[in-house]
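Mind looking over this structure? Questions follow.
Chain naming follows the written order as A, B, C and D, and within any one chain the residues start at number 1.
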């Protein structure tokens, strides 16, 4: 059994390689279609650089080579897991990404956990009261939240909680220069995390609530729920043990898909809340034609997605013993 | 065979309605019957006859909305079930009345082990601990004839064969030694040899544990082998009741006759199947007279206009048919 | 006709969907005739900047003294047009890919699904941002970018429907009488496979409007046209003093997207009665 | 209030508060952290890598220049060089370095570092290095404390070259032979982990979040700096920056780091100070660059019409919230030494513009459009988009359809300076302290070079102007040079190779508790060693 799982894992990982390489290739050529390059940007930042100067920069960065040569060079380095250097930030891409990754992961995990937890509770509650007032309220709220642009919501939350009520910081990840460590630091980060994670999470709360409700209702229609009732189990027990775990499968699938997509959502939220994560970095890198950095982020993010999907498969196996990985 | 006294289950005037977008449907109509200790009563009928709804009603398992028990009484050992509060009702379910279902694959939760699903009942109703629950589960599995019960207990439903799964269902139902076992089409999903084993098992355990059994089925073969008394249902109402012997020897209602006829044909291979012509009428378009009239071979004009009442044509032989009652003028 | 009546009867049963349809109709009417009835150029500086609503201008002015109501009415057009066009394009592409993959199966299916997966692996909003930034923000590129990130889900759905349908008796029958594949796909299977796709693509309009607003917010909208997302982006800088300036277009997005979602649910009820609870 | 008057007041306050001036009304306090915000985040800590504002803001606190400067016109005063002499022919400059200055890593500063910083670094890597040091023939270091720079021709602004943002003095020992030989100076570690002689040194750089500089205890000015720390907070969203300033989370938003609307609002708050003083040495100016290579922009009448169609006062008031004033030519009016005050104001007169176009034969089509003129804009932020939208509206009124094409920085640079395929675009230049540094590059015909940025993208050729500019570049400041520049400005206003828009007033907003910020014409690029917190 365990060996089968391991084999499955290895096979999945092997399958991943061409996908990830294909992604890298498409990204490479897609980004090369952008007008201007990092030498232009650097020259622009200089104020008034000369043509000779920009050419020198291109030589320095290897941008004077034909595109296919640059591509082979890039892929070659990629195969040795070298993401190259950011010409603009003058640092290895991997360092820049690793620098930002924790912030994004914290934000993503918190939001997705909030979303799943709240979504499950609300979805189950709504499903158990199907058609009644509570259900209608939850469903309508979910729909409204689902329709709210996240960045707008973020701005409104700042106005309310940061400006009017002065309860929470308006941005950043922790109070800079306060030099807090340990628990105090963690609490500080938590305080800064509230608004962005709620903003990013609310949209997904709506999705998970709806999904959970639908999924629960579907499970409620299955016969083993009747069996459980016939056994004399209370409705609460039935909901939280028999129904929930079965209803979780689609939620897990979605979570896997969304973990990757959170990077997209986090562009907006990180911008609004000055969260020092990857989402913002990707946007800046794009505007500054920091090709290597951009490629690196996209690469890492697709690897994250691939692993998230892998995790989903594994969690599937944990949730549902019928699923055997072949 | 006579019914032992007093009855374990006494149902009287039970009516169940469903509210749908197209109107109210009466799924069970004024159903009454009793089951004594050690007795097996079968309810037969085609699908849509209301027999499963009736079975579900015994444990008040009909989803509300849309369904509702609108009239009647269900007494278990003299205790009225329809007025019980939720907590008391849960103490009846699984403990005093247990149920097994048509498709054990669907009726077992796919993500929990056998042990967990049986143990759950034991822990809930008998308050035993985890270890004790496991021990009893193994005993129960052994009782219902599951080989290697210790191993099986730790497996999941999908690891078992259909027959084994149904045995597990039975073990689960029997966990608390219920007074009444309701078996809703317990063998339909199984192949023929396994069917026989399962039925035999139920019979044997019934005797051993002194339960009453309510068997819901459309299979007259099953009835013949196991039931003491038989209730024939059509469009939600009882159309005939008799001991099994009487029924097979001397069916009075044309519907019963049709069922028996169809069953006989079914047994002899190679010959063209003959079923009762026509279909069960839509609950939204019930005929004004006898609901069987449109399909009835013995139909007389009165059947189209009046609805026959359930009348005893012999002691203990109620039939709902003008022709059988000799009132077909 | 009868089918339409049945559809309407089923649809009508969902009160939220009826309310959604009514709201959506209002928005569409506002988009169509609003700019005619209220012919103010949304880019014209007509007054003092940042005036609150209900003064000289019904919804106030924006940071550059431009009429917010004019922006809302004109923005309705852009937001709806982009939303609808992007979903249409995504639906067409998605159905095409899904149909071919599902109908033919085998290696074609494998290949097409790899491509689909590829698009699903890149975070969609990131991809949209990249595409728009690279090809310059215009209505065209924004629409295309949204379509590019939206089609894979349609493709998957359509593929599933086609797989479910392709071995049905009627399809076998069509093959038996020598009907060409394209005819089977387009005229025979498509009508049966379409209802769930319609539901999904109606919901996609809502997502597309949100995506467009996000892009505009990042400054990646068409600079020659007013959209609601653009208006929020503009108002962002004066959030503190003139919150309504962001709140009004934000509320418009919310209401419109909500209405579309409700309509989507209604369609779901009406077109997929068996999937009613999804 | 005019910027210059604010400046004088601030300068007076500073002199009163300066430590050397003795008993002031308020004695400076030591300690505290000054937090400022600017967008975007710097990409390196040295203006050799790029002279972009965020880099200059932070690196000038770490790296000293050879000299320091006073007043809006940047009068040189001793810095790392405690004294200097200039030969009568203006061809030899001798600097004497201060004794006992140490790098942040403890090593002593020597004349070799200075020579290296000029010869190897500034000349080759700084974008204005050739403007300053192109005439240098030799740099001699007779001893550890002496530097002699020889020129082949006089450079009138030569002493202005030693600002910390222009010629940062960097440690020679921080660069490897290989980095210098392979011209990979930009990749040196010191670009990210700076080692300077300035009042602050690098403590922590958390990319995407903040940079913390801490007090250099061994700073060569005794008792300075007052501040314990200078912190840069990275806040990508303008509204968020404003909120942070308003809440006191950030003390300073320099150089229009906030959205103009917010600056206008925050400037009125009692807790904050808003000022346009202190950027005279930069002289920011904005214009519409016009591609003169083809019709219709080759036609002077068209350019005049465009100029007449734009209401610069409204542009300043509405789009820039009053932060700036209408421009009259390429040199900002705040430049006391070189601005030609006789230049007339640029008129706003759409009727005249329409007539000009009618007379020049540009007939309106049935849709009222005479011709299309796609418009680009410098992607520096929201206001630039608003401005493009405004220009589109105004040009629309005279029958020119100027649809906006949105490009990000990379695309814009390529289109404007490499491909020359734009029609009109907003652009923005710094005059710097001398017009030869900041102005001539955009108008000299020899600066029509594909791929070189912020130069003569218009393809503008006027031999008479070329001659004036070149002459001015080699003439020492004085009436003769003033005349040359006055004439040049007249030509540049008449020819309208670009449509001058406005002189942007860099607005700095700070918390009242911050004192001593405005010291000269490049206050934000100064080292803040005497800034203190109340």
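The criterion applied here is as follows: contacts are C-beta pairs under 8 Å (C-beta built on N, C-alpha and C of every residue); 3 or more make two chains touch, one makes a residue touch a chain.
A quick note: this is a predicted structure, and the numbers were derived from the prediction, not measured.
Colleague: Count of steps on the shortest touching-chain route from chain B to chain D?
Modeller: Counted as steps through touching chains, the separation is 2.
Colleague: Looking at CA centres, what chain is most distant from chain A?
Modeller: Most remote chain from chain A, centroid-wise, comes out as B.
Colleague: Distance from the CA centroid of chain A to that of chain B, rounded to the nearest Å?
Modeller: 53
Colleague: Suppose each chain is reduced to the average of its Cα coordinates; what separation in Å results between chain A and chain D?
Modeller: Centre separation, chain A to chain D: 39 Å.
Colleague: Counting only Cα atoms for the centres, state how far chain C is from chain D in Å.
Modeller: 45
Colleague: Two or more other chains touching the same residue: where does that happen in chain D?
Modeller: Chain D, residues with two or more chain partners: 237, 239, 243, 246, 379, 407-408, 411.
Colleague: What parts of chain C, by residue number, touch at least two of the other chains?
Modeller: In chain C, 133, 236, 239-240 touch at least two other chains.
Colleague: At which residue positions does chain A touch at least two other chains?
Modeller: If we look for residues of chain A contacting two or more partner chains, we find 34, 155, 158, 163, 271, 286-287.
Colleague: Tell me, which pairs of chains are in touch?
Modeller: A-B, A-C, A-D, C-D
Colleague: Of all residues in chain A, which touch chain D in the complex?
Modeller: Its residues touching chain D are 34-38, 40-56, 60, 85, 88-91, 96, 99-100, 103, 155, 158, 162-163, 166, 169-173, 176-177, 270-274, 276-277, 280-281, 284, 286-289.
Colleague: Can you tell me which positions in chain D touch chain A when the two form their complex?
Modeller: Of all residues in chain D, those touching chain A are 33, 35, 40-41, 43-44, 49-52, 55, 127-128, 130, 183-184, 186-187, 191-192, 206-210, 212, 229, 231, 233-237, 239-240, 243-244, 246-247, 249, 379, 407-415, 417-418, 430, 441, 449-455.
Colleague: What part of chain B is in contact with chain A in the complex they form?
Modeller: 56, 59, 61, 65, 86, 90-95, 98-99, 101, 103, 106-112, 120-121, 124-125, 156, 158, 169, 172
Colleague: Can you tell me which positions in chain D touch chain C when the two form their complex?
Modeller: By the definition above, chain D touches chain C via 237-239, 242-243, 246, 259-262, 265, 314, 318-319, 379, 382, 385-386, 388-390, 392-393, 403-408, 411.
Colleague: Please output the residues of chain A touching chain C within their complex, sorted ascending.
Modeller: Against chain C, chain A makes touches at 19, 22-23, 26-27, 30-31, 33-34, 140, 143-144, 146-152, 155-156, 158-159, 163, 214, 217-218, 221, 257, 260-265, 267-268, 271, 282-283, 286-287, 294, 298, 301-302, 305-306.
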